[in-house]
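One chain, subunit A, appears in both complexes that follow, with subunit B as partner in the first and subunit C in the second.
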Partner chain A sequence: MSADLNIVGRSVSRSDGIGHVTGRTVYTADRAFPGMLHLKMVRSPLHHAMIKGVDLSDAERVPGFVRALTAKDVPHNRYTILSLIGVEPEEEFVLAEERVRFKGEAIVAIVAESEEAAMEAVSRVHLDLEELPAVFDVEEALKPGAPIVTHWGNNTFMYEGHPCRRVRLGDVEKAFAQADHIVEGVYNTSPIEHAPMETTGCIAVPEANGRFTVYTNTQALYFSLDNTSIILQLPGNRLHFVGGTVGGGFGGKVDVIVEPIATLAAMKTGRPVRYTYSRSEEMQVSSTRSAWRIYMKDGVTRDGHIIARQVTSYADSGAYSRQTPYALTKHAANAAGPYAIPNVSIDAYCVYTNRQPTSAMRGFGVTMASFALEVQMDKIAEAVGVDPWTIRFINAYHNGDMKPHRKLAEDATLIETMQAAAALVGHELPAELRAMTSAPRGDGQDGGR
Partner chain B sequence: MASTIVTFELGGREVEVMVRPMTTLQSVLRNQLGATATKEGCRQGGCGGCTVLVDGEPMMSCLLPVEDVAGRRVTTLESLTPAEGLHPIQQAFLDTNAFQCGYCTPGMVMVAKALLDRDPAPSADDIAQALTGNLCRCTGYQPIIRAVQVAAETLGVSERGPAR
Partner chain C sequence: MAKLRGTGIAAVNYPTGMNLGGDPSQALIHATTSGSFVVTLAATDLGQGLKTVIGQIAAEALGVSYEEVVIDTADTDTGPHDMGTFASRATHRVGNAVMAAATEARKALLDVAAEEFEAAVDEIEFDGRGNLMVRGVPARSMKVAEIASLAQFKYGRTIAGRGSYMKPKSDVDPETGAMDPDSTEAHACTVAEVEVDTETGEVAVLSIRSAYEVGRQVNPALVQGQIVGGAWMGMSHALYETTAPYYPAVDHSPRDFSEYLMPGPLELPEIECVVLEMPSSNGPYGVKGIGEMTANSPIPAIVNAIYHATGVRIDELPVTPEKILRGLDARKVAVS
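Take a look at the complex of A and B:
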């Protein structure tokens, strides 16, 4: 057995390496099947509108047109990706019904003999839309009288009856009154497109045994299978999902966007159907990372200890929430950072607007918390007049500290990591910081605080 | 407009395809000839994943009407790959782990081939300059530049014979 344990410290070739350097790795986009049809979407040109009419008559005359699919063709058209982990309500439409809520929202799927014919037919679908006022800013969306994006009457995702994800520890107001410094900051981040090199796509193939084989570049194979099963009201055993090498994902391929409708098109036509995003769809329609606005207020003692932190965060979910409610939960759990703060109050809002939907991206809401709170740490250091290293050491978690969301710190390594980082960049730490460890407090560390 | 017949050389063999006007070389390679090593990332000349060599020069096949390569010599990653083993550039990419998802790799290798044919000992800046049209969204540019340097060393050594 010990003969096999010889990998650590050695460079090992990746199993897919030869495929990558020879171009023999088969990505979803590289597959083709005899008789394969192509699916393209008719999308809303407006950010927010009522759908008054859809005229397919010109499109149907395009040579190569096979059929169109609208909302009424989809067995369970309103869904939510996270229903699999109990998230409610179902709120996104596979194909729009009555109303479109973002520019690029899918309204009609066109299936044709070639990609060119599908595109031609898409361009000949005439939409009768009545434009509605739209909202593009998280705080504007929460004001009275703002255009309402959702079907339940306000623009927030509801967390167990509350309009935000809340974390509470101690009493921040009392601690602010005792603080020597109050440090406030507002932090804004932009939406970011994952922009994978291979665009989102799949091919659904009807099999002789009544099953559908779906070749997909999803990052979430079984998530996609289960949601397709719900949307098409098909038993899961009639769906066979085949993943493989994903040509870049970064969180952008965890939404269930192409598989259900491609599989439905394969059911309705009895032929393989490819549905792959163009580059412009990938950029303008697929989920992005949310834009965030984060307000942070800290109460700090004159020796640099943070005794209170109040955070109000807004993530712009866009028109549908997809994985963003989960990102807010992770954000709320991490907004105090790796620092021991005895009084914390966090309100994190998942806000609907008329922008393109947002979802997972590297870090899942934690990245934004880290950006805001680490800039905040530098501001605190400046306000107190200690260096940025020291402010982080003296506030760092020790094992046994209680985090704001009531988890005990068990594997704290911030102090040791910063010591190693300082050594790597050639920064000489003062002796008292070099001597610190993450060991539980009450053993003489950090004044026994 | 009527379809036309276009002939060109692909990997040392003459190929003949029937195409509608303005069909791209990328589309012909992938959809008619099944040569999918040439990737499709944007179809607008933005990513470089579809780079092939035309008479030795790197070109983005998504912007190239196939009529324009009539009578010319096209080299794709398939034609670069030996029947057994790997080309030294491929071996260098493999040895230096110069890929993550791998979707940009074919384009990177083709640009490297054109560069090293022209300049057997490019500097890191020369390599970066040659690769400016090629995106790697996993952002592994440093290992890619290193791979081209390693390939240059290997090719230089093999041209002079093995070092003693």
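Take a look at the complex of A and C:
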């Protein structure tokens, strides 16, 4: 703790800790309102299908059924979460129109007096679906003749005219020709669940003054409010979003899925409406981390300097892209890791498949890059014949180095951090590695370059 | 059959914040009649302790005690715009916005104090503990609470401040990828130790020991909470979790925690850390974000440790016992 600071640097007790451990913290799902209705979704049982018909007649006879909502009830049904900041095209449907693109996609919202009645009515909605061929693998989805998931004719998100986010620095092919070792790897990672203790949910309450108060566990209140305003074509001043302590986010509560339809249901019924995911919806329907496949090829000199890196990465976005396009941008900016590599070429693809959609998750494109490149570093160390510590020190970036995305490194402290880790575990580093710092090169410490 | 031990390392950097479309957070601060300061935000606390660290930054910047700061957040009728709690951005962005708001509120407070003390504004000093005084004249000292009360009832003034912090949008060059995607970088290096049972393929993680460099710790206990929680999450990611066990096949996807495996308390390794502080140029008091990154370095460190223990390279997550046993079999065939 710095001598000139009084409070920053002190471990004061967490302001909400006592509430958490004594069960007094109020989460969204703890709230209840008189006359509150419950919303449950009719979801696609197929991965890819045309919707030929929806028959609600049996569902409407279930005691406690209040009303159903379909695509035609949603004022601006096709949306993209990031349209707020100019990302195009609008591609996802609040409720499916014509076609479903993943198993679990929402088709009809049922609002009922109780959760039980809502679930019973959901089970009595009859769907007439015509199954379509589906694609589930990132590279299969890019082959000619693959089933097309999107409405624009191919299965990639387009980055300003390119089917991938590109990073280019130097000349990788020339550097590969000069390299003493070529080290290649293919890395695959599984989709995973955010697994928050509190599932995604909200309660929309119509107020007497014509406004709607929406209690939500979103990670981003204005994101949710602004998207709800667009989808419902309702001025922002009619919406009041209230958050609070969230029972775990990890990126899973940045999508805007529950608030717009719950608010619409509250508008249509004039009553408070709760829409909260069950655990199985959280796992099978809500976004996961993308599956990734990363091809990495490095050119290395005999003394261990990485002089070229070529990366082709595919993130499986599932049926809709949500926040995933930005994960690829972040991935592309970080695929060289904390190392100085003068020649880099990265192609990072956001690929659509008929899987459960994916979106933001802790580490967002970087976690997968770190896994691939840090395993790759050990392979390089083995190829060169040096230990895993040394290979990282001699390639570590210094302040002032040019990163592949053409930003100069600043606040670089990898070398000091590795020195501290070695000291923590009692690993004795050679004197020349102990003497290194992240200071700009040219001060007598050029990292051997 | 044997239990084989191995050690693996991994080193990572991690960006603080993002640049997509501009990345703003805003804050408002006002003093109450009793000299408390209400910090009004729309940022959400995800359980990581955002309200606590923002309260600490506000108290530090205002020059009052932590107990005098009230954090009022997560209501769009009162809180000014905040982009959201993600991208390891909240302490950095909201902290900077709160510092800016505190600077304005402090100036309003000093103006009132100067008038009351009949002194020049630049003669007034804070002691950082809730007192204002005329420099060099300890007798002329008043509590912040007293000045705040005078502002309301004698001078009819507001003691308030507005603050905003924004990382401007940085368009990505579509040809070269040139961009400015973050505000600063935090760093970590993890050493993992594992024991692999060659009969069952099971991996026991014995220890995860890490060094972190996070610019400045606002609250060391909460930083350590992130590091310990992230080490568990990284271990879980490396060895257990999947919603598609046989990707690209779509079957066997889990519905609940009896089918979606995660390590429990008995699987928890020894987790140890040291934290370095090398302040960033643009974070509040030099802060860098540590929210997301703590799950990252444990993953490759564990995978590298498994290789060190067994000679089996597995480039596919999660590293299940099945993959390890198949790897060991392939190695046996290759050796014989």
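In this text, the second predicted complex is superposed on the first by the 436 of 449 C-alpha atoms of A that agree within 3 Å, B and C clash if a C-alpha of one lies under 4 Å from a C-alpha of the other, contacts with A are read in each partner's own complex, and residues count from 1 in each chain.
By definition in this document, a residue touches a chain if its C-beta (ideal position, glycine included) is under 8 Å from a C-beta of that chain, and two chains touch if they have at least 3 such contacts.
Here the structure is a predicted model, which is why all the values come from computation and not from measurement.
Peer 1: Looking at A:Phe371 after the superposition, I want to know if it touches subunit B, subunit C, both of them or none. Which is it: first, second, both, neither?
Peer 2: second
Peer 1: Considering only touches as defined above, state whether A:Arg279 meets subunit B (first), subunit C (second), both or neither.
Peer 2: both
Peer 1: Please indicate which partner A:Thr312 is in contact with in the superposed arrangement: first for subunit B, second for subunit C, both, or neither.
Peer 2: A:Thr312 sits against neither subunit B nor subunit C.
Peer 1: According to the stated criteria, A:Arg14 is in contact with first (subunit B), second (subunit C), both, or neither; which is it?
Peer 2: Both partners, subunit B and subunit C.
Peer 1: Given the touch rule stated above, what does A:Thr437 touch, subunit B (first), subunit C (second), both, or neither?
Peer 2: In the superposition, A:Thr437 touches no partner, neither subunit B nor subunit C.
Peer 1: Between subunit B (first) and subunit C (second), which, if any, makes contact with A:Ala29: first, second, both or neither?
Peer 2: First partner only.
Peer 1: Output check: A:Thr329 vs subunit B and subunit C. Expected answer is one of first, second, both, neither. What do you get?
Peer 2: In the superposed model, A:Thr329 contacts subunit C only, not subunit B.
Peer 1: Touching A:Val246 in the superposition: subunit B (first), subunit C (second), both, neither?
Peer 2: Touch partners of A:Val246: subunit B and subunit C.
Peer 1: For subunit A, which side has the bigger count of touched residues, subunit B or subunit C?
Peer 2: Counting residues of subunit A touched by each partner, the higher count goes to C.
Peer 1: Looking at A:Ala195 after the superposition, I want to know if it touches subunit B, subunit C, both of them or none. Which is it: first, second, both, neither?
Peer 2: A:Ala195: touches subunit B and subunit C.
Peer 1: Per the definitions at the top, what is the overlap between the subunit A residues touching subunit B and those touching subunit C?
Peer 2: 11, 13-14, 16, 20, 195, 245-249, 279
Peer 1: Flag every residue of subunit C that touches subunit A in the complex, lowest number first.
Peer 2: Touching subunit A: residues 8-15, 18, 20-22, 42, 44-47, 49, 51-52, 55-57, 59-60, 65-66, 71, 73-77, 79, 81-87, 128-129, 169, 172, 174-182, 184-185, 187-191, 209-213, 215-222, 233, 237, 241-245, 247-250, 253-257, 260, 262, 272-274, 276, 278, 280-281, 285, 288, 291-293, 295-297, 299-301, 303-304, 307, 313, 315-318 of subunit C.
Peer 1: Can you check the complex and tell me which residues of subunit A touch subunit B?
Peer 2: 11, 13-14, 16-27, 29-30, 32, 194-199, 245-250, 278-279
Peer 1: For subunit A, which residues are in contact with subunit C within the complex?
Peer 2: 2, 5-16, 20, 47, 82, 84-87, 103, 136-137, 140, 159-162, 165-169, 185-193, 195, 218-223, 225, 239-249, 251, 254, 279-280, 283-284, 288, 291, 326, 329-330, 332-334, 337-338, 346, 353, 355-356, 360, 362-364, 366-367, 370-372, 374-375, 377-379, 388-389, 392, 396-397, 404-407, 409-414, 416-418, 420-421, 423-425, 427
Peer 1: Show me the residue ranges of subunit B that touch subunit A in the complex, using the header's touch definition.
Peer 2: On the subunit B side, the touching residues are 30-31, 34, 36-44, 46-47, 49, 76-78, 81, 86, 90-91, 93-95, 97, 99, 101-106, 109, 135-138.
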